[in-house]
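Here come two complexes built around chain A, the first alongside chain B, the second alongside chain C.
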Partner chain A sequence: MEFDITKHSLTPKHTKLDSKEEEKFLEDTKYRKVHLPKVFLEDPSIQHLKPVVGDIIKIERKSPTAGVAYFYRVVSDE
Partner chain B sequence: MKLPPKIKDDIKDATANLNVAQKKIVQDMVEKKYARMRVQAGECVGILSAESIGEPGTQMTLNTFHFAGVAEMNVTVGLPRLIEILDGRKSISTPNMEVYLQPPYNKGKDIKKIANEIKEIKMSELISEISLNIADSSLELSLDKAILEDLELDSKTVKTLLTKKLKAGFKAELAEEFLIIVRLSEKTKDLKELYRLKETIKGVYVKGVKGVTQVLPIKKGDEFIIITAGSNFKAILKLDYVDPIRTVTNDIFQIEEVLGIEAARSAIINEAYKVIQEQGLNVDIRHLMLVADTMCVNGKVKGITRYGIIREKTSVLARASFETPLRHIFNAAKIGEEDVLNSVVENVMINQPVPIGTGLPGLVTKVK
Partner chain C sequence: MIASPVFKKIDKIVFNALSPQMIKKMSSAKVVTPELYDKEGYPVDGGLMDVRLGVIDPGLRCATCGSRLKECPGHFGHISLARPVIHVKYIRTILSFLRGTCQECSHALMDEKKAKRYIKELADLRQIKPDIYWDKVRKVMAEMTKQTKCPHCNAKQNHVVLEKPTTFVEKETQLRISPIEIRSRFEKIPDEDCELFGLNAESLRPEWMVLTILAIPPVTARPSITLESGERSEDDLTHKLGDIVRINQRLFENINAGAPEIIIEDLWDLLQYHVTTFFDNNISQVPPARHRSGQPLKTLSERIKSKEGRVRRNLAGKRTNYSGRTVISPDPMLELFEVGVPMDMGTVLTVPEIVTEWNLEYLKKFIERGPKEYPGANYVIRPDGKKKKITEETKETAMEELEPGYIVERHIMDGDVALFNRQPSLHRMSMMAHRIKMLKYKTLRLNPAVCHPYNADFDGDEMNLHIPQTEEARAEAELLLSVKNHLISPRYGLSIIGCVQDALAGNYLLTRSDMKMPFNEAVSLLNNSNVTDFSGLPNKDTVTGKEVFSALLPPDFSFTGESKAIDLGETGKEVLIRKGKLTKGVMDSNNLGQGAGMMLRKLHEMYGPNTTIIILGNIFKLGIQMLMKRGFTIALSDMDLPKKVRDGINAALDGAEEDVDNLINSFHAGELKALPGRSRNETLELKIMERLNAARDETGNIVAENADPKSHTMIMAISGARGKLLNLAQIAGSVGQQALRGQRISGGFKGRTLSCFKEGSLTPASRGFIKSSFSGGMRPDEFFFQAITGRDSLMDTALRTPKSGYLYRRLSNAMQDLKVEYDNTVRDVSKKIIQFRYGEDSIDVSKSEGGKLDIAPILEEVQR
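Let's turn to the complex of A and B:
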């Protein structure tokens, strides 16, 4: 039986920003992609999103201090 | 001011009995307080974290060996474990898993059978005696009948298993019901070979989850879980009777491999926090979250060592100030590396204001 790892209690929810959201995010935060933390292209938790290098992945972390915290990683292959 | 969801919920709970005007007052006060309590720009949070984890760390017991819970399972705790986590060690000293089970097994159904199925069985456990027949160049393996029955195996399957695992040139055959004879081929009648064969046979994998050396069913809350010594996260998640959602291991690299970097980050926080709580110390979880974030920022878990996150630093002087300074400086000189003096340590070295706190902002003047 193959287990869907995105359902594991340790894995937070990952979503891919579409081009509009991505533009808005970079505009709002004034970040550049090189400054964002990375996630590898082969990372098991994003395989279902079919990522390509340069995509921004939005992560919905459950935080003990803030309830929900959003975190962003850029897909990288190095 | 945008409050985090958890604080919003807390306000809602606390003000349930108040009227609208009062609620508004509370809301305003919380917002004001929250704004004041936020970390200011330029605050050196890394140093605060280091001190906040390091100081209680000095009070931890150095007692590595501790028996967790009920029976004789050995788990590294205290300072050695914390060092292990923060260093990002690839192989940890006492890997173990907490295996949750699907209903109805979590209520105790077949718990012993399941535990036995998870445990890795090697050939040496089935054999009660190995005798070496030098004249005949053969090994006589007497199998333990009780253990075989316990594991629901029979001599025939053991024999086929042996034949499959052994190299060509050896022959295994069933002489009596619980006696297997392994012969060397005609060409290699070497005594040394026979001794080597004995060790190989002992290590042959029979059944179970590879890497799990010990199993221990215990009751946690109102359900049964199985604690294992040795960890094989990937294999355990595939078993039918295991609840894959809650099952965890304490091996952070196995989590990274199977679940990805974000899960590894949560695992680092959980494991480090567990150590600190076990020791009865009080460290704010935010410090651990910062450390875990730093370790995971590049997409792979990097320890806080000279091979891990220190290597990732862009400044030569900052790297040199940690460990092995000469090597870093020589290497930088060889390839002509540049240091833009953006961070703290290098500015301390050359006696300039450091870019933290009030040293962070530059002065902008409007020239008329």
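Let's turn to the complex of A and C:
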């Protein structure tokens, strides 16, 4: 039996920024990619996004303080 | 740019292992005899205390550098070992080398092409991604270990196992590989091959891990102490080195005399043991070397390691001067920001004051009074930095030579800044700056309202006092650490300092609508609580308590809130302050208390810390004065209930018992249906507990309704000064169910809790339900149940404290460098993002109300 973990209630929503969004994101926030947290290329919860090393993954988490909090991770192979 | 005074800059630091040649080169003496001193008490040549290794006796000169005690830094010596021994700290590396290199030709077990590729790869990795370098090395090593045949000479490889602590055995032949053999194998390993093991052959050749020569630390690193009896007591390291030298010499002699191999082997093992324990005396499977008294020796590793080691004891934490510590006690007449300092500390703790032409005469007076008479001075520091102690004899000369530029260390006086601290220093409020107030008697005094941030009580607690010694330190202490800047907790954004106990009860009674007093009494009340401005008080013959309280508030202060208690003649809990007048409601722990204090929070928001701390101090004192004027006491009769009420309580409890009996009967009859996801037993327990809790609440309500609200016990509970209604219910009504790990008490005997119950009994009484009250007295079995839970909670607190302490240590060490940057991200020192918005909502809790931003009142303010 295969289970789609992205449908699990404990898996937060992951989305991939496309190149335009990514450019805007980096420009708006002035974040540098090397300073962002990483996510494994093989991470099960991003497999459906067909990630490539260097992609930025946006994670939408529930937060007890803010309601919804956004996290960003850079796909990394190490 | 101005020329920088830096003429040598450290580019990098490399940690290397000492090579045998290096040890020999830096050695200034070869140690050959375990003797320390000759008959005259002079260090023996070639002994462990050799004068060439440095001096620790006053008067002697170092034979190496010619300097005296304290000038000579000490010099290393060496011992050449009769047979090589393994260095314990390299044991894992030695094992990987033995497994990864050929036992015949000593090449790495990998063909040349592959090896070359890996070496290049590793070198690159080290430059670009140092964080995964070691993972890669481990992988390469694993690959070599797997080989059973040498790719260079085709020799078959035996599997090497480590027999702890320090012997290596070939698994197939069960033969020991002697350190000599290991060394000779390692000597043949080519430099490049070392790279495959993550080793730079220039820094550490593999064969250096097998010791042939041992560096002896200088005498200055292991000084001996002379006891009062004139006897000398040597350092633990010297003892250990003595053992090594003694065995080493015996080994030499036996080898030279051609003794049988068994004897030599035994001595060799012994030498290995001594060298091992010299480095680390805490290795598993090695019995620690001990003193004659039986306590383990502290050798090299123990000197550095753990809490008592060099790092945490001497480098990360140090002892301080200008500090004091004693027992604390309360003094409600002190201001919140003051600390009472006993006179005995006053003559020891000092503040440096620079002499100018304007304070010359003033400071001369201090010197004149000397170190004994308060306020005097203990030291004078000349402009050249010479520090002179002031005594009865030197007083006169010190006063004469005093001129601008000198520094006088005068005794602390009222108003000086001091840091006040109580361990464990878990949050920033554990160390705050107070103003000194010199007092008689022997304890440090603090206002009971600041106990909460320090978590202090007066059952024998001690606290520390530090006196900042520079202008910068004083300024920083006042700006960042003073009590007034810590009224609001950064944890939950509410007042952490507030009224307690009698101050709460007093303010509750004062602001209740039945409080009226003549004008002159109100004035005296305010006067006693440090208020001198009575303009806030209405000019009437009789004033109400609310008006007295309002006299402390700023005239334009407005506040809407909710109290815990209900004012007499009111139905709601609303508290209203309009234009500095308390018009409705009572003041209690909801608005004045610590950890709540909504009114204090509002005051702080509107008028800032300086005003708030003064008002809070006044409110506190007013409450105490009020209670003193009125008188306050409790009696057992406070908890007495009329017979009718007691009957009502009993009826409620009986009803519960009957219901539980019915539940048990239906359970035994098989009629009780299990709840989803629970067994029938669990369902029964759940239902019983539910019913008994309801009974407890019911009795609690009966007690609350029928207890005399005028009784002082009730006043304390209502105002939040001390005790909860639950405590009252337990005293007057019923103690209730005793729970162990969330369950009713079970076990102890077979199928029952005590031998006075029937086996398998599930009745409330047999499972720890205490029907009696504290005032009525408990039955023996009930008493026992109470003791069970009492002991359990005692154990729990005793065990939890150290556990959570260590947890906190790990947490704070892991997060100590994290910082909120200007873009609201939380980042570490390398600017890596930890959190994208601080707390995920970018709210500074200390500037919010309970972690939330309430915009409505701000809008209202703006619109108006």
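Everything that follows uses one rule, which is that the second predicted complex is superposed on the first by the 78 of 78 C-alpha atoms of A that agree within 3 Å, B and C clash if a C-alpha of one lies under 4 Å from a C-alpha of the other, contacts with A are read in each partner's own complex, and residues count from 1 in each chain.
One rule holds for everything that comes next: contacts are C-beta pairs under 8 Å (C-beta built on N, C-alpha and C of every residue); 3 or more make two chains touch, one makes a residue touch a chain.
What you see is a predicted model; the values in this text were computed from it and never measured.
Colleague: Go through the superposed model and pick first if A:Y72 touches only chain B, second if only chain C, both, or neither.
Modeller: second
Colleague: May I ask you to name which of chain B and chain C touches more residues of chain A?
Modeller: Of chain B and chain C, B contacts more residues of chain A.
Colleague: Output check: A:H35 vs chain B and chain C. Expected answer is one of first, second, both, neither. What do you get?
Modeller: The answer is second: A:H35 touches chain C but not chain B.
Colleague: Should A:I59 be classified as contacting the first partner (chain B), the second (chain C), both, or neither?
Modeller: First partner only.
Colleague: For A:I5, using the defined touch cut-off, is the partner it touches chain B, chain C, both, or neither? Pick first, second, both or neither.
Modeller: In the superposition, A:I5 touches chain B alone.
Colleague: Just which bits of chain A does chain B share with chain C as contact spots?
Modeller: The answer is residues 37, 63, 65-66, 69, 71 of chain A.
Colleague: Please give the residue numbers of chain C that touch chain A in the complex, ascending.
Modeller: My answer: residues 129, 132, 823, 825, 827, 831-834, 836-837, 839-841, 843, 851.
Colleague: Can you list the residues on chain A that touch chain C in the complex?
Modeller: So the residues of chain A in touch with chain C come to 29-31, 34-37, 63, 65-66, 69-72, 78.
Colleague: Of all residues in chain B, which touch chain A in the complex?
Modeller: Touching chain A: residues 4-9, 237-240, 244-246, 248, 255, 257-263, 266-267, 270, 285-286, 289, 293, 296-300 of chain B.
Colleague: Could you list, by residue number, the parts of chain A that touch chain B in their complex?
Modeller: For this pair, the touching residues of chain A are 1-3, 5, 7-12, 14, 37-40, 43-46, 59, 61, 63-69, 71, 73, 76.
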